[in-house]
Amino acid sequence: MPNSISKRSQKAGLPPGTLVHVGEPGMEEPRISVMVYDAMRLEEEYVDTVGEAFPLQESPVVTWINVDGIHDVSIVEELGARLGLHPLVLEDILNPDQRPKMEDLGDYLYVVLKMVDWDGQRGEITMEQMSVLVGANYVVSLQERPGGDVLDPIRERIREAKGTIRGEGPDYLAYSIMDGVVDGCFGVLEGLGEKVEDLEVELVSSPLPETLQELHVLKREMIYMRKAVWPLREVVAALERSGSPLIEESTVPYLRDVYDHTIQVMDAVETVRDMLSGMLDIYLSSISNRMNEVMKVLTIFASIFIPLTFIAGVYGMNFQYMPELAWRWSYPVVWLVMLVVGVALLWYFRRKRWL
Amino acid sequence: MPNSISKRSQKAGLPPGTLVHVGEPGMEEPRISVMVYDAMRLEEEYVDTVGEAFPLQESPVVTWINVDGIHDVSIVEELGARLGLHPLVLEDILNPDQRPKMEDLGDYLYVVLKMVDWDGQRGEITMEQMSVLVGANYVVSLQERPGGDVLDPIRERIREAKGTIRGEGPDYLAYSIMDGVVDGCFGVLEGLGEKVEDLEVELVSSPLPETLQELHVLKREMIYMRKAVWPLREVVAALERSGSPLIEESTVPYLRDVYDHTIQVMDAVETVRDMLSGMLDIYLSSISNRMNEVMKVLTIFASIFIPLTFIAGVYGMNFQYMPELAWRWSYPVVWLVMLVVGVALLWYFRRKRWL
Amino acid sequence: MPNSISKRSQKAGLPPGTLVHVGEPGMEEPRISVMVYDAMRLEEEYVDTVGEAFPLQESPVVTWINVDGIHDVSIVEELGARLGLHPLVLEDILNPDQRPKMEDLGDYLYVVLKMVDWDGQRGEITMEQMSVLVGANYVVSLQERPGGDVLDPIRERIREAKGTIRGEGPDYLAYSIMDGVVDGCFGVLEGLGEKVEDLEVELVSSPLPETLQELHVLKREMIYMRKAVWPLREVVAALERSGSPLIEESTVPYLRDVYDHTIQVMDAVETVRDMLSGMLDIYLSSISNRMNEVMKVLTIFASIFIPLTFIAGVYGMNFQYMPELAWRWSYPVVWLVMLVVGVALLWYFRRKRWL
Amino acid sequence: MPNSISKRSQKAGLPPGTLVHVGEPGMEEPRISVMVYDAMRLEEEYVDTVGEAFPLQESPVVTWINVDGIHDVSIVEELGARLGLHPLVLEDILNPDQRPKMEDLGDYLYVVLKMVDWDGQRGEITMEQMSVLVGANYVVSLQERPGGDVLDPIRERIREAKGTIRGEGPDYLAYSIMDGVVDGCFGVLEGLGEKVEDLEVELVSSPLPETLQELHVLKREMIYMRKAVWPLREVVAALERSGSPLIEESTVPYLRDVYDHTIQVMDAVETVRDMLSGMLDIYLSSISNRMNEVMKVLTIFASIFIPLTFIAGVYGMNFQYMPELAWRWSYPVVWLVMLVVGVALLWYFRRKRWL
Amino acid sequence: MPNSISKRSQKAGLPPGTLVHVGEPGMEEPRISVMVYDAMRLEEEYVDTVGEAFPLQESPVVTWINVDGIHDVSIVEELGARLGLHPLVLEDILNPDQRPKMEDLGDYLYVVLKMVDWDGQRGEITMEQMSVLVGANYVVSLQERPGGDVLDPIRERIREAKGTIRGEGPDYLAYSIMDGVVDGCFGVLEGLGEKVEDLEVELVSSPLPETLQELHVLKREMIYMRKAVWPLREVVAALERSGSPLIEESTVPYLRDVYDHTIQVMDAVETVRDMLSGMLDIYLSSISNRMNEVMKVLTIFASIFIPLTFIAGVYGMNFQYMPELAWRWSYPVVWLVMLVVGVALLWYFRRKRWL
């Protein structure tokens, strides 16, 4: 977070609407793909400049422009010019620290989403911003990096005309993207859930300070996860209630379905958070228990041998008049006494359930 | 939870409305029972395919179709076709991870409930999803597994025409099912309550790390319980307020009654949660007390014998000029001194209330 | 709570409106008293069956029927028949685990209250449910057990025509009952407050594990208290806002007064809860302090005598060539060294403020 | 609190509107002062009975009657009779345990305020109830005890015609009183703030159990403070929004100003509470640190001398065949070994940063 | 905080609208700058008295008067007289302890903002109040101290006609100031974030009591930060929804943009707070771990050498009849026994994972 905020603070003082990419510099060339489809036909191509995707087809054909890599400001600028986007929308597209939100700008809707993904190798959540613009006959989706695991199944469905997607408008396509983003959360939660379970086993068997550290990291991941998912609910609800003519009546039940999924994700996030809190308690009491055990061992050793050592010490004194020293059976008797004392103490500790 | 989420995530990318059963595979053959009744007559039979239950009788006769086992997707598909259900409703029926909810789809109401049950042997809560479809002259209930302990008393009441159920419409039958589900929660809370009390006794008498573990498990069970019950309130309230023509005026007081029971269940859940939180405090302070006690024993032993051992050590020194060594009464005097020191320390610890 | 819930769960599966008393079995014969009064006249009698109280007088005379002991289901049934009560209301009257609530059933209002009382001897809160039915010219109050300390002052006021009660309608009588119930809470809070203060003194002077146990019990009592008082506010507010023709305009300021008292009770309950939370912190830190003190004593003893014992041990060695052993002043010099070491350590511990 | 509640519970069972003073008995004779003023003239006098202040002057002259000491019930009764006050208002005036509130009774407004004051000597908050009645041409203010530090500056402003007070109506006077009460809170917060800072210094330098006790007392004071201030906000907001003809349009901005001050006070109260919570954490970890330090000293002493004592013990054994005993350099070599062991252990502890 | 509150309490009792500067006395001469601009022209000058800035130009020219240093009451008074400001507004301008707020006074809007800044050297947040008055053709901004890092970029944009600022009205200028203030928060959060990260590294490597102290200070800074930012959201939302004719339709999207930034800042503040809470847990468990480690070292040393010392003590006894003493191999055998005991104990502790 400090990283992105530091980026954000560099922009302070610039006039609003100044287009500067404040995310991490893109590693690769931006990639622009265009899909034009309706129930009957489908055209798909990769283009070099946004301009090639224009002019848009007449309605009811849907044009879907996907841009992977937003570090090339000129692409966003051209998009803005062609579609008549508000300068603040362009600025938000370029700033990958937006909170998920939905804005109804009359001619088009602007939706910001956070795609979360689980990096299994590093055991980390990765997060990427996706901006979606929904117009009367187009959808534009913009991502920070190529990757598109969320969008690929949708492209597949369009290509193979699976489900009803080919017969529906841009609102349905936007819904499909949102549904993909929410579904992606389940994968992340699965990964997190496994990690939490591993941690729990570790915690019960051998709690180390590193376990706590990991717990702490997981907790922080959950904070980020939550910040990505929580506003999503409002976004979907806002779309459902927006009353915008861009959202058709038949799409509303689907949005409600996404809404339900969002609630499920939030529930799961809260459950994981509750589990993590409980684990801290277990960790702390586990530490206490260990200290307790250490204390008991020390106490048993010290309490048994200290009196015996004292007895030995007494008969190590060099007084001339110590009658016991000369007695025939003193030595074995002392051993016996020591044995009795030791056994008595052991019995006492056992009765106290320390052994 | 991670289990069901893992199932859920496998479905990511499929078009909405794709019917895939994402619950655990059913062990047994699905069972379909049909009851057709009004105030005058009653027909009851078990059928093999949903088709046999159709066409539905004319109103005001009520047809109640109950399906135990939703893993056979074809049954749900046929139901959907015959009753004209929305594909998303069918999808939700097959997904046993729904949050309890109520959806008004005009011609029919779709209600998702969670039946909780107490597995006394394993001391665990089991949870099963029940979908209820309420139409103008039918009720369809679908469960994951046979079992039906919730529905049996209702069937009995229909058969024996107890209460007013035979004279009422499908809304009253739906209410009866909901009432049964909420009443089932009381049984679970009874089981939980007993376990909490056992745990409390155990905690006060002999707190072990395992007790904490059990406490933790109980806490988690309460989280699940809560997640099943909390949205139930909204479901019942939504039904009461829906203004749907499918809910008759005379059924509303009954719904309000279920609502009150739901609140009672929630209160009880919160009370158990509060009790569990309090028990963690007791556990921790109990651990602290034990450590304190161990420390005291160690301190008393060490503090008494360390000075005595020192005295013995002094007269174990081998200096040639130690006049005391040659004195006649040195030895008994040293014993006396040791006794006085020991008794004084014991008295001191007693005054400090350590003994 | 598990007790009442266990009772409640036995009723699962019965048709709604089945009249079964789910509270504890009544010890004594139910007692029915009837008061018929208006500004001019007053009749008071004890009857054996509810039937004797009917038919009700013409308005504006108020008939107040009080039933102590609801375990006799037939009384409640007859009341229901005579007054035309809804079966669910009758069921609720017989179930002593209702949450306080107000229901407007058109012809009459149904109010459920919780009377709390302080059992000074056992230092416990007792709780009893009171159902109040308010009609156009009658009030029916039903309690679980005789006792009536709440109702006696009201009877007295009716008998002696104190205040305006004789000139007012059933709504004013219902208000008086509610006011009595809320005033009863102050007595309980007084008892609790004293117990909390006793506990606090005990906690500071000599914290024992039993003190914590008591703290825990008090906390649980507060949870129950809270559950009885919290919904009371809504009940009173609902009555005030109900707009029912059964509540006259002139009674509204009195209801607002009860409302204020309820808020005061809730404030006091919250204050006691806050105090109890604070006391747990004090207890825990008090335990820590004690352990700290024990540790210091151990450390001081051990740290002073262990070096001295070492010195003694050195001169207890049996080497043939130990020149010090033969010196004339060795022994007193060693004593001196020991003294210096001991005093130096004592001075060090004092400087560290451990003494 | 238990004190006032105990008083309150004595009144249980009395008919509403019974005038009994439930506060502490007044020490002094009640004092009644009357100020009659408008922009032109000013009369001020002290009277013995409320009756002397009546009849009220014609509007737009403002009559301000201030009563110090409400334990004389007859004064309140006469006021009620002269001004036509509702019996419940009179009852509330006599009960000094009211929550701050505002009631619009048509002809007049009834406002309850809590004056908090800082008793610098005892380091305690004192709290006093002030009831304010605002009519068309009068303001009546009633306090429990004389003192009037809040009202004196207002009297001064009326006498010297400072600001606009002389030209305004009773609503402005009521505002001025409320403003004075809220301003009084700043003085209390200043006193509290200083105490908190003192405590913090003490906590860091030398945490004692008494410090915790003081912290606890401060926390409780904050609970009371909060209970006095929190409802104040609602009172001011209710006045602002009341739409009562008694509140002139021009006074509304002043009320909004008081509202802002109330929010500021609440903010400060919350900040102090947050600071106090943080201090408990510091205290507890400070205790832990001390125990840690004690443990280290013990461990260092014990761990260094226990091995050395063992070595000395070995050569204190009396075996006949111990060749080392007869060697020439055994004694200095043993000393050397002991020195090496001791230094090695010291080095080890230093490396562990225990020294 | 106690500081400003102490200042605030000195004003208690003064009539409202009395102009007294309650902030810290200004160090420097107040500085007044005036900018008069529209799309075409721009005049900029520094004046000595507010009067020189008047009369205001005709609309649509914007006059921006900026005052650095509000300790000179006469400047504020003259402003009030020239612009016809409400006395309470003037009072609020002079009181630097206002909560951020927006007041619509018809002819003009009064906005209070808190500028936060990060003092990198002292690692502290500094806070300064800015009052902004927005009229039909003017904006007046007043700050406590010169500094103006927030306003300089805006001046620059006006001078160089960057962006659309020159073509817009006073509402856009006010928006720009607010945007600058919110952007300033990002810089502070960056500074704080770095400090939090440093602290975290320190906490894991070497937790000292000082670290906790710093944590505590940071927490308090966050409380202040939060108090400055939290109400900002309401201010911006109030401006957006105000419906005042002073806010033009075209400025609303910009305000919504600032709103989004405010939410982002709040999110970041909450994240930092969550991180700080987690760090306290880490600190405490880190302390526990250290104590545990100390205990283990002590236990291992004591438990190994105490039995060995006992054995040595036994053969240091002076009994005449101790056959072992005369045996040839006793001494090496005892050494062997000691070795075996020591190694056995070491093996035992290793198995317990204490080594």
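Labels for the chains are A, B, C, D and E, by order of writing; each one numbers its residues from 1.
Rule of thumb we're sticking to: a contact is a pair of C-beta atoms (placed from the backbone, for glycine too) under 8 Å apart; a residue touches a chain by one contact, two chains touch by 3 or more.
Source: prediction; values computed, not measured.
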Neighbouring chains common to chain A and chain E, by label: none
Angle (degrees, nearest 5) of the CA superposition of chain B onto chain E: 145
Same-residue or different-residue interface between chain B and chain C, half as cut-off: different
CA centroid of chain D to CA centroid of chain E, Å: 27
Interchain centroid distance [CA atoms averaged], chain B/chain D, Å: 43
Touching two or more other chains - residues of chain C: 288, 291, 295, 298, 302, 306, 309, 313, 316-318, 322
Chain contact topology (line, ring, star, complete or other): ring
Chain E partner contacts - residues on chain D that touch it in the complex: 152-154, 156-157, 162-165, 176, 179-180, 183-184, 186-187, 189-190, 193-194, 196-197, 204, 253-254, 256-257, 260, 263-264, 267-268, 271, 274-275, 278, 281-282, 285-286, 288-289, 291-292, 295-296, 298-299, 302-303, 306-307, 309-310, 313-314, 316-322, 353-354
Contacting residues of chain D [partner chain C, same complex]: 1-2, 5-6, 8-9, 11-18, 86, 88, 91-92, 97-99, 101, 103, 206, 209, 212-213, 216, 219-220, 223, 227, 280, 283-284, 287-288, 290-291, 294-295, 297-298, 301-302, 305-306, 308-309, 312-313, 315-318, 322, 324-331, 334
